[in-house]
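Here the chain labels run A, B, C and D in written order, and each chain numbers its own residues starting at 1.
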Amino acid sequence: MTATTTTVFEQLESDVRSYSRMWPTVFDTAKGAWLRDENGKEYLDFFAGAGALNYGHNNPVLKRALIDYIVGNGITHGLDMATVAKRRLLETFRDRILGPRNLTYKVQFPGPTGTNAVEAALKLARKVTGRQSIISFTNAFHGMTLGSLSVTGNSMKRAGAGIPLVHATPMPFDNYFDGGTADFQWFARALDDSGSGINRPAAVIVETVQGEGGVNVARPEWLRALADLCARREILLIVDDVQMGCGRTGPFFSFEVAGIEPDIVTLSKSIGGYGLPLALTLFKPEFDIWAPGEHNGTFRGNNPAFVTAQVALEHYWSDDRLETSTLELGDRIHTRFVGLTEQFDGLSTRGRGLVQGLAFADASQAGKVSQIAYDNGLLVETSGPSDQVVKLLPPLTIADDELELGLGILADAVASVCRAKDAPV
Amino acid sequence: MTATTTTVFEQLESDVRSYSRMWPTVFDTAKGAWLRDENGKEYLDFFAGAGALNYGHNNPVLKRALIDYIVGNGITHGLDMATVAKRRLLETFRDRILGPRNLTYKVQFPGPTGTNAVEAALKLARKVTGRQSIISFTNAFHGMTLGSLSVTGNSMKRAGAGIPLVHATPMPFDNYFDGGTADFQWFARALDDSGSGINRPAAVIVETVQGEGGVNVARPEWLRALADLCARREILLIVDDVQMGCGRTGPFFSFEVAGIEPDIVTLSKSIGGYGLPLALTLFKPEFDIWAPGEHNGTFRGNNPAFVTAQVALEHYWSDDRLETSTLELGDRIHTRFVGLTEQFDGLSTRGRGLVQGLAFADASQAGKVSQIAYDNGLLVETSGPSDQVVKLLPPLTIADDELELGLGILADAVASVCRAKDAPV
Amino acid sequence: MTATTTTVFEQLESDVRSYSRMWPTVFDTAKGAWLRDENGKEYLDFFAGAGALNYGHNNPVLKRALIDYIVGNGITHGLDMATVAKRRLLETFRDRILGPRNLTYKVQFPGPTGTNAVEAALKLARKVTGRQSIISFTNAFHGMTLGSLSVTGNSMKRAGAGIPLVHATPMPFDNYFDGGTADFQWFARALDDSGSGINRPAAVIVETVQGEGGVNVARPEWLRALADLCARREILLIVDDVQMGCGRTGPFFSFEVAGIEPDIVTLSKSIGGYGLPLALTLFKPEFDIWAPGEHNGTFRGNNPAFVTAQVALEHYWSDDRLETSTLELGDRIHTRFVGLTEQFDGLSTRGRGLVQGLAFADASQAGKVSQIAYDNGLLVETSGPSDQVVKLLPPLTIADDELELGLGILADAVASVCRAKDAPV
Amino acid sequence: MTATTTTVFEQLESDVRSYSRMWPTVFDTAKGAWLRDENGKEYLDFFAGAGALNYGHNNPVLKRALIDYIVGNGITHGLDMATVAKRRLLETFRDRILGPRNLTYKVQFPGPTGTNAVEAALKLARKVTGRQSIISFTNAFHGMTLGSLSVTGNSMKRAGAGIPLVHATPMPFDNYFDGGTADFQWFARALDDSGSGINRPAAVIVETVQGEGGVNVARPEWLRALADLCARREILLIVDDVQMGCGRTGPFFSFEVAGIEPDIVTLSKSIGGYGLPLALTLFKPEFDIWAPGEHNGTFRGNNPAFVTAQVALEHYWSDDRLETSTLELGDRIHTRFVGLTEQFDGLSTRGRGLVQGLAFADASQAGKVSQIAYDNGLLVETSGPSDQVVKLLPPLTIADDELELGLGILADAVASVCRAKDAPV
């Protein structure tokens, strides 16, 4: 990587770019769990498009269907017109996802990105309840448009709004006080107390595992208590499954582990399967009070993504093999991470399925580990408010030996940065 | 089209869908200016994905490049990593678009939809100026996420927000009072008067031609006066060129006709060329004060769209043929529309390049004409606050005979709905 | 006036103080139209507590009743308890004010200042309509608390809020464009156009004469058109009569001249009669949907002010003598002002009843005139966005010779500042 | 009390009235701790104008000065002009209050009600810090204008706003979780965590004892911790001492018990001494960044209240006798209340100085006790979110036998409503 090759990015692209700074090369092609840069160097990918590539890069099953569709002049851009590709997707989503889980959600195509899905969810919750306020959680991440940003925790990103972000109140996420405080002590009490000053919320929006927030995992019993709280107060429960849905934590929906049924669910990232933009907002049929066209968007009918989404659902979700494998691989990472925490000072681990985090008491070490891993051919990101957590999001389809290879690179990086517990003082 | 075939849409898809109601068939394939439904019926497309398909459906030049890229395992999903495909796009955008027009904009990839581009523009304008308020215009349309919605005029769509939309004040668009009032009488006076109660705005956001608003065309002198007003008051001028950019009105940027240089420009819809989701926010380099990652989005690096965007720019914007042809075809439509207005009562016409509107004094006639056109194989949409304008957005690449065919269907529809001027009373 | 005497003000009182800068003496006693400072110098008062002293300082009729009440240990502080003093006031207000004008308003005691009355009016209008937005007018002044400030025009005062003031949209006041534009061209059109982007308002709030705004006088026909517009759109009309009510423009309510009946009316300043804090919010009985205690305030039952208010109504509003006299005195000032405009360059005049303004094309002259007047024993204030208008608000009870005396001082000041029309160049 | 006598209140006064419903008689005169209705029935007052009458009704010392001032034609209405009466007040406030406590506050006269003082405080805090958000506390009460209402807890009163109340976030008041949770666990953590989603606040506003909120007493150590937290985070601390200041809890300022020095302090209610409207906003001199006239108000110069305020300070605050007596009387009430809690089921007590609360586990009993007390000639109010607390606010100047008399009536009422602990089941 020389300065010359990045010139046009530095000259022309906005300073807002970030990954290109962390991984300063020019990528060219990709396949499965691997990216290759223009100099031919290969990188193992434990990042997977921030969770948008659960089935790996350029998955051959989806690729075949995509090429066939394009070659056959299938509709590319369809707004919300009925198309053959959309029908297939809806039918498959019904038959492979909703039906087997006894879910009756209506499906909205709100525009092809996660933040579109979240904005639609918030709008609908407000419209249904006639209330304005939303409860979000500490260290939540829901998107960069104004509605989604208002329920996002990160202060740097919030400052980007340029206007006060209001109509949302954060509450402590599960285990925010390290177990010392009863669940929902503040939230439940504030709702009960007519003098609390909390505006009665339209909805609660929650991630079951906060990826950007530092791989914070909500316990199933916490999620159930939250769902109960919402139900008793007639507050809608929105699960933002943009990153944790589509099997990332094992089951298709990340909330299945808790046995709850949210009122509204958002999906994006891996729902398109191939990394093409797509998003869904799901909601219980009694909440489908949208007027025709009341929410729209030019690219809500990204039909090539409908095709790859349909094939992905058909191929990976007709049985429970992917779910089982995801949990097994997750356990393997967890075991390795536990080993590291036993071996080195200042480490801890958390995760569910194939989102696994290694947290460093000294946040700067997380960045160093990530950088050393990059130098050794492994892409792995940090997250959390201080970027103190190395977050693993490998493709769910990663092979055993690829996972081992990556974990080895990571372990070496940790060893070169952290102090071993048995090290002489 | 039978009821059976739409079942899954009615059962499963949200009631928010709209085009599928107006055009109640199931589309399957498309090529150039034509769509075909699953029963084999063909429709001539004077709608072009609401302006997202300026180069027609499945344009063969772009299609070839897209398939090659996918076959070759080019990066599909890249966040804001540097990629070969992005570099080619940036270089071509610089060499074919910015350079020849003496523009020095920085380029942000804000997420792949128009509303992402608008949200980024509004955030940046607020960050740059430290002010919150935005001036929008009557009958503006900028998108459905909360920031964009706040500068959108349509009351039905605004009501979908579920919270009061504030921080924006509408002003009358050009010719709002049918020429009877001096330009900016109210806006300029309100800015000058320290007692006006108008919060000093961060920016003005404007479409040069309001497509959704009813094909309202701002005169070049009005745009120049607006740019002057903004410059004198140190208010940023944002041109939302999502629908009117990429040659829709003739030149690549719709504001070129006025000789102005906006501070911020948004592009989406046809910038990807092939109907794939893509959006850009452009701004003068001195305003590139984003912190890395301060605005982001999962699909901001939709590399297949980079590929088709690059080829489209290279192929269609290396000379002025497309611009010339667009203006010629626009003139031809205009001439035909003038003929209709002379022949029938209650019609008027407006437009620029290949966005042309036929306005009906009796709004219900516009809907009838659109419906009859559909029955006769022509897709054409209505727009405006009362849906009183039949709006033509054919592909810029439409062939002469296709244009004639469509105009003929439209003229017949008008004739069957409207009263001829020489008709006996 | 020496520096020593003001020491404690400069040391201890906030820099927010303003009148004490313009009139840098220490006032001691007052009677009728006269104030006396601690050095014994007397000042003729054409300012009357910014309209709070329509019956003059320490009016002897009211003073007698006030002293009797205090001596007799009448309730001083009563919250919203029923008291004998409040009953007398309500009965007199009904019999002398509401009844003769065929008005059926309910009376709220919202707290003893104008801004309390305005806040209650805005809250009620929003509660009644379920809408949030309020239409205000250019150069309006309604108060300094957050709700009232949001409908106030002055940019310096608005900036004091420290948060964006939203939920209100200003419209041009009568004659804002010097007669060149039809009334309500923009407002009425924006309401009719479902695409205008104007949030449908709960209410319009208007002063019939804008005192702080520069003695801008709304024509009766404009007020009628405004009332019609509101009625047709089911928007509540609030007349803020805090400064112009209680006879300032002649009739008790300033809107009587237009023959309209606002939905909500605010009164304060002179309603207490003696300069004691008091305010009323009046509204049509069908809008009295307050829950008990939903709006309250510690000093809403300022009973000494009830006493003086009652006596003032009884004494001054049992016949039409005060109204007649006010109009006559107003005419006299107007005639004198017309004379000045004929004699000197750059002057114009406007007013109604005993609020009369002399506007200076060169705003700095207004300040000089006011300062010279002060030096010569006359208190007179400037107003308007550039402080370009010398505003006269003498007590309605001022004697003829006092009025002449003051007008003489003022004319001399004008003569010493302005260029006579027949002056040699 | 017959229906006839209340007719005009029911006919003409808004339904918003509340005390007149609880105490359905027509009051006429008052003296010290006693009110008398028009039928000659006397009521002992343990309510004292909701804390506005700390020196009793029509206190003879103040009354003498007030009458002398009125008789002598002292300035009644003075805006913010310098007056002799204001100078005396400022000097006395400096010499008797600020100086002895080593406080250097500047004094603003923001308008004569508590909510004016709070609005000025919030505006100033936002202006000083450039931030918008305010932290308030559960069950806080700060006033009914829009800014004050946004930091008030009561949901019924908040609903009266008619717009979403934003820019404020409530936090748990001291002991909100009955001692089970460390102080500021949530608040401090949310400030530290850059991902918490809490907008960084301009200020915290707190009452040291929440009167309306149910006589919730903040411990001195909690107040100190709060002050420390604010200081470390450069957040301004506003103590709203409208009800608890002027000696209600013993010392002049209620925060003296904690040894803290707030950045901003609001005073109203008893600061005028005689029940006349007056309010002050105090702030450290470095925060006096107001522009002249940036905040104003017609009745901010209520000079008769300056006179009574000055005499009250001079008479009652030149030594520590009132403070000592207040604490002694408070102890006496507390002892009696403890006796009641021992005797009856479901009672608890809390308070400081002469604000004392008797809380009922069964909220309906509090209302019954208050009603029985009224029937027996004692005025006592309930407070708290469920009106579950009988709140005692007798005049600080109440005589021993008056206190005993009232406590006796109250004890009898309790005995007639509550179940004795030794009662047979």
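The rule is simple: contacts are C-beta pairs under 8 Å (C-beta built on N, C-alpha and C of every residue); 3 or more make two chains touch, one makes a residue touch a chain.
Remember, predicted model here, so these are calculated numbers, not experimental data.
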| item | value |
| --- | --- |
| Chain pair with more C-beta contacts, A-D versus A-C | A-D |
| Centroid comparison with chain B (C-alpha atoms), farthest chain | D |
| Distance between chain centroids, defined by C-alpha means - chain A, chain B (Å) | 31 |
| Interchain centroid distance [CA atoms averaged], chain A/chain C, Å | 58 |
| Where chain A and chain D are represented by their mean Cα positions, the distance between them in whole Å | 50 |
| Sites on chain B at which at least two other chains make contact | 132, 156, 163-164, 167 |
| Touch list for chain D against partner chain B, complex | 163-164 |
| Residues on chain A engaged by chain D in the complex (per definition of touch) | 132-133, 136-140, 151-156, 158, 164-170, 172, 176-177, 181, 185-186, 189-190, 193-200, 213-214, 384-386 |
| Interfacial residue positions of chain A with respect to chain B in the complex | 5-6, 8-9, 12-21, 23-31, 35, 38, 49-53, 57-58, 63, 66-67, 70-84, 86-87, 90-91, 93-94, 106-116, 119-120, 122-127, 130, 132, 143-148, 150, 156-157, 159-164, 167, 202, 242, 268-269, 274-277, 281, 283, 288-299, 302, 304 |
